[in-house]
Amino acid sequence: MAASLRLLGAASGLRYWSRRLRPAAGSFAAVASKTPVGFIGLGNMGNPMAKNLMKHGYPLIIYDVFPDACKEFQDAGEQVVSSPADVAEKADRIITMLPTSINAIEAYSGANGILKKVKKGSLLIDSSTIDPAVSKELAKEVEKMGAVFMDAPVSGGVGAARSGNLTFMVGGVEDEFAAAQELLGCMGSNVVYCGAVGTGQAAKICNNMLLAISMIGTAEAMNLGIRLGLDPKLLAKILNMSSGRCWSSDTYNPVPGVMDGVPSANNYQGGFGTTLMAKDLGLAQDSATSTKSPILLGSLAHQIYRMMCAKGYSKKDFSSVFQFLREEETF
Amino acid sequence: MAASLRLLGAASGLRYWSRRLRPAAGSFAAVASKTPVGFIGLGNMGNPMAKNLMKHGYPLIIYDVFPDACKEFQDAGEQVVSSPADVAEKADRIITMLPTSINAIEAYSGANGILKKVKKGSLLIDSSTIDPAVSKELAKEVEKMGAVFMDAPVSGGVGAARSGNLTFMVGGVEDEFAAAQELLGCMGSNVVYCGAVGTGQAAKICNNMLLAISMIGTAEAMNLGIRLGLDPKLLAKILNMSSGRCWSSDTYNPVPGVMDGVPSANNYQGGFGTTLMAKDLGLAQDSATSTKSPILLGSLAHQIYRMMCAKGYSKKDFSSVFQFLREEETF
Amino acid sequence: MAASLRLLGAASGLRYWSRRLRPAAGSFAAVASKTPVGFIGLGNMGNPMAKNLMKHGYPLIIYDVFPDACKEFQDAGEQVVSSPADVAEKADRIITMLPTSINAIEAYSGANGILKKVKKGSLLIDSSTIDPAVSKELAKEVEKMGAVFMDAPVSGGVGAARSGNLTFMVGGVEDEFAAAQELLGCMGSNVVYCGAVGTGQAAKICNNMLLAISMIGTAEAMNLGIRLGLDPKLLAKILNMSSGRCWSSDTYNPVPGVMDGVPSANNYQGGFGTTLMAKDLGLAQDSATSTKSPILLGSLAHQIYRMMCAKGYSKKDFSSVFQFLREEETF
Amino acid sequence: MAASLRLLGAASGLRYWSRRLRPAAGSFAAVASKTPVGFIGLGNMGNPMAKNLMKHGYPLIIYDVFPDACKEFQDAGEQVVSSPADVAEKADRIITMLPTSINAIEAYSGANGILKKVKKGSLLIDSSTIDPAVSKELAKEVEKMGAVFMDAPVSGGVGAARSGNLTFMVGGVEDEFAAAQELLGCMGSNVVYCGAVGTGQAAKICNNMLLAISMIGTAEAMNLGIRLGLDPKLLAKILNMSSGRCWSSDTYNPVPGVMDGVPSANNYQGGFGTTLMAKDLGLAQDSATSTKSPILLGSLAHQIYRMMCAKGYSKKDFSSVFQFLREEETF
């Protein structure tokens, strides 16, 4: 983090906001009467995110297609309603956290979607990871209703969602960024302004595509080195002091026995599932196709994670690609 | 470097030696009468490497297939001979620095090769980057003659060779490592013991394969992000504080305007040529084929650098893959 | 063709119709008063297709976003209207031939789209090559209006469009196939029923993906063989009598000098442009992503044609991939 | 075959020889006293090949590293010796049929290799599938001894070896082709002259690389089409009457239920094993690397077959790539 902050000095022109700089949570709680915040999508990620808003004193208006997902919040005294439209009727700041582009379109533009009852001047923040072209489309429709849309996908998994340490990559009109920060800062330790609508998605997609490529590359290089007689720990050290160094080699090494506290040390349990990586690579693929950007390695990485999903790796952490490549030829 | 040293603490079991820990050059010079060291291959890299040995007071026995390459050394008073065999007759420590596996085989096993006149107990260090299978083969032949062979390929380019800051990755019998260090430490600031013969080559090949993959990945991600509307500097910062971070994104970014002092800031002049990367990927490919190791991204990276060589990029730095991918579709 | 017909015998269950089996064009003309047919999209392909309908005696109702494209038909006495909706008002059989999914959506569902004025029982045939998911979506909307939608993309280029020798791959309700045949048979020599809506697109996409893969494969194999010392004509003959045989090797060989009358014999002029192949591969990619089908070679083929478009090959025939791979490394 | 012969007319300049044109087997037998032929390597392929030479009346001099492999021939009265050198002492025409480059080098250049006792003017024919660079190397060494070397790898499996229907692709001095034909024609129905030494291997490697690519392409296209709702038999028919047509789609379709009498109809038993395809692709890869020929799809096909070997497909026919791709994603 120290390193990150250094990169992000005043001269950089980067609109960036980190927990270290913000008022303590306590001072938020001191603010007497907060207006309610809508929250749509209380899944694995949405649930702890919404709870962090509650901790900061925001009353919630809740909706999920699965009523069971709302029960916990209802018991805690939050208001549960029966459609996204109803959320929009009762809250002028809404956060959506949904699994796919289709779910997001339904929540906004569906028969009982937000747009049916959205109030002028509302701030709608979509933290789903979806196609940036869809984000732009939704933003246009929202704008027609006199409201504001921002895309703010997250990086960091369920653990970071619980501890309020997510990173949000935010796209939208810059004037509205401060208003978005107020809410997102309750759920994440980094909130980065990326540019116009859709650029939050773009930043996330590009990062995850590069992550997928360097993880597979690390797995290939480690596997090749081991087969050529190198000790895995030694090889990792050499890579990490050389130009092959990357997050996948020095922070999240995919080879069992090289590092502690990472999924490879725990049979690839936990972490970021292969099926989620395959989904993000599908978005990268779509974006690349529509912008005619060549992504040779990105496409192949997509196909590799696709294949892994079909070979029983879908729920394992995405670093299990080492195990996938490692299987020995048998005759 | 501080970070590297931390990784390489005493507890790690890594045989590792850095300039910071070695006696100053002056103290070397104080040693009265050094025995001569043979040096075969005085090209772009071999020339400055040999000069660093001279600076440390080692008399040289010189050979190169191109007599012109020896002239400078002859003028400086070093002894030039007419074949690798003659080098072996006059020196019992020899360093070879040659462009390809075939050149190395010729220098060792050819009609006038080192093996024709090598003395028992000689130490032969090959710093060429070649197929590890060839290194092992040469080691066997050398051993038959009662001498010792180590592979010690370098990372770092001509600049590092001049300043004596190369990294050597050394494979061979561990008992001989100290003897190799004495010489290699005059030419490099890092000398890492990697294991049995061939593992020096293996470490270099694996590192460069991962480097090639993450460089292309960085170029693809940066290009996609730019086409999706992100500012390149901002995108680089986001990647570097996230899981996409790698040496190619944070130290050697391929996008012009993102960093200073790297080849992308200078029209991809200098640095590590595309043709050299293609050569190293060819070695990775050969090693993977012979050990039946799947390298899906590594193979494709090889083909991409191959294609770049055919499209006019052979002499540009390998980060010019960004430029290669960046060319716009025209109709 | 004889071979094809053999494959398509009565026992095969294939709904298939070929010019050889249909009444002569003259007998069509004899039919006195044909009801008008709508035609939307008079581009390179649409223009000659519409003319073939005219030759068979169908009065046309014409629309194109570029008024100039209609002039020729107006001069010939056909009726030109000012929107797709107006076409739908005057014709109950409409053929659309548009460049992309977005154009097709606009023509059907836009503010002045067909659906605004379509009559119950109308037959709407879309011969555009678009995403099969879009075809299905359009079909649903058309069905809501009480009309019938079929997708009927073509294979064969401008030449086949002129001579009425296109192949149509048709998806939709089987009961309506005969009605579609009546019109499509005026423009093509093969009309193949593929199954439910979207399967016409699916068949075309799958064929073109396999074509792209085998064309690049042929180019790689021919180039490798030539570099290994084989005569290109001899190598082509060996492939064509062996298991490497494919349409790209035996009918459309990409190596200049091997065959006459193909684009490779004419500096890759004419034929099927690289940019069109890249477009079709983008559709294959989208369909594969949405159905989670691994297409490792298909993805890479897509990226290769993408790159070629950026390197000046967009207007050359897609067999120019041989030339693209062939360029020599220079130092 | 009729089609092949048409391709190979007199005007083509192709040195080609087919069983239909050669004297009947009986007329060979009539030749009174044939000189013995050496045969080294009596494995799955070598065994039936050698037997076909016996049927044509050639006495054999036999050697195999596994003595058991020779027993059958000894019982039949052929002469078994104890090294390749001994074969060379007793026969001036020798055929070698070995699994890898290393085995071939050992048989020719090893301590007891053919070259130790080869007679001037001997004809040495290597039917192994090996690296063409090794073939050229062996040819040079053989030439130094005053003998002649030809590479003559086969296509066709064990069945074709038994029935004498192999195809031989022959590289070497053209003047010696007729002499090679005399022997090879006893074991194969097609004997094709390809050019200088190594071109036999080159032709085989190029064919098999294209075969691998088009087989995977067919599997991807069929799988995608099925997932998009097409009937597999119908899709195969459409491909086979269109530009996607290839040997893998029309003669050896990888989808169960589409064709009879092919491995896909028999759970991928029999045919050409995945592990053998992976080996041939390794040779293609090596040749491409050494000649700097880009093979993007060829490399990826290699890696795919490599992975299949590690996932339990090594003994299945190489068309089982359809099954490999077909496995469904599970969650």
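Going in written order, the chains are labelled A, B, C and D, and every chain counts its residues from 1.
Simple rule for what comes next: a contact is a pair of C-beta atoms (placed from the backbone, for glycine too) under 8 Å apart; a residue touches a chain by one contact, two chains touch by 3 or more.
Fair warning: this is a prediction, and the values are worked out from it, not measured in the lab.
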Reference chain D; chain at largest CA-centroid distance: A
With residue numbering as the guide, point to the option in A-C, B-C or C-D that repeats A-D in over half of the contact pairs. B-C
Where chain A and chain B are represented by their mean Cα positions, the distance between them in whole Å: 39
Between chain B and chain C, what's the gap in Å when you average each chain's C-alpha atoms? 53
So which stretches of chain D touch two or more other chains? 292-296, 300, 306-307, 309-310, 325, 329
Listed in rising order, chain B residues that touch chain A in their complex are 3-4, 7-8, 12, 14, 132, 155, 167, 169, 190, 192, 194-196, 198-199, 202-203, 205-211, 213-214, 216-218, 220-225, 227-231, 233-235, 237-249, 251-252, 284, 287-288, 291-298, 300-301, 304, 325, 329
Going by the contact rule set out above, which residues of chain B touch chain C in the complex? 275, 300, 306-307, 309-312, 314-315, 325, 327-331
Listed in rising order, chain D residues that touch chain B in their complex are 278, 282, 285-286, 289, 292-296, 299-300, 302-303, 306-307, 309-310
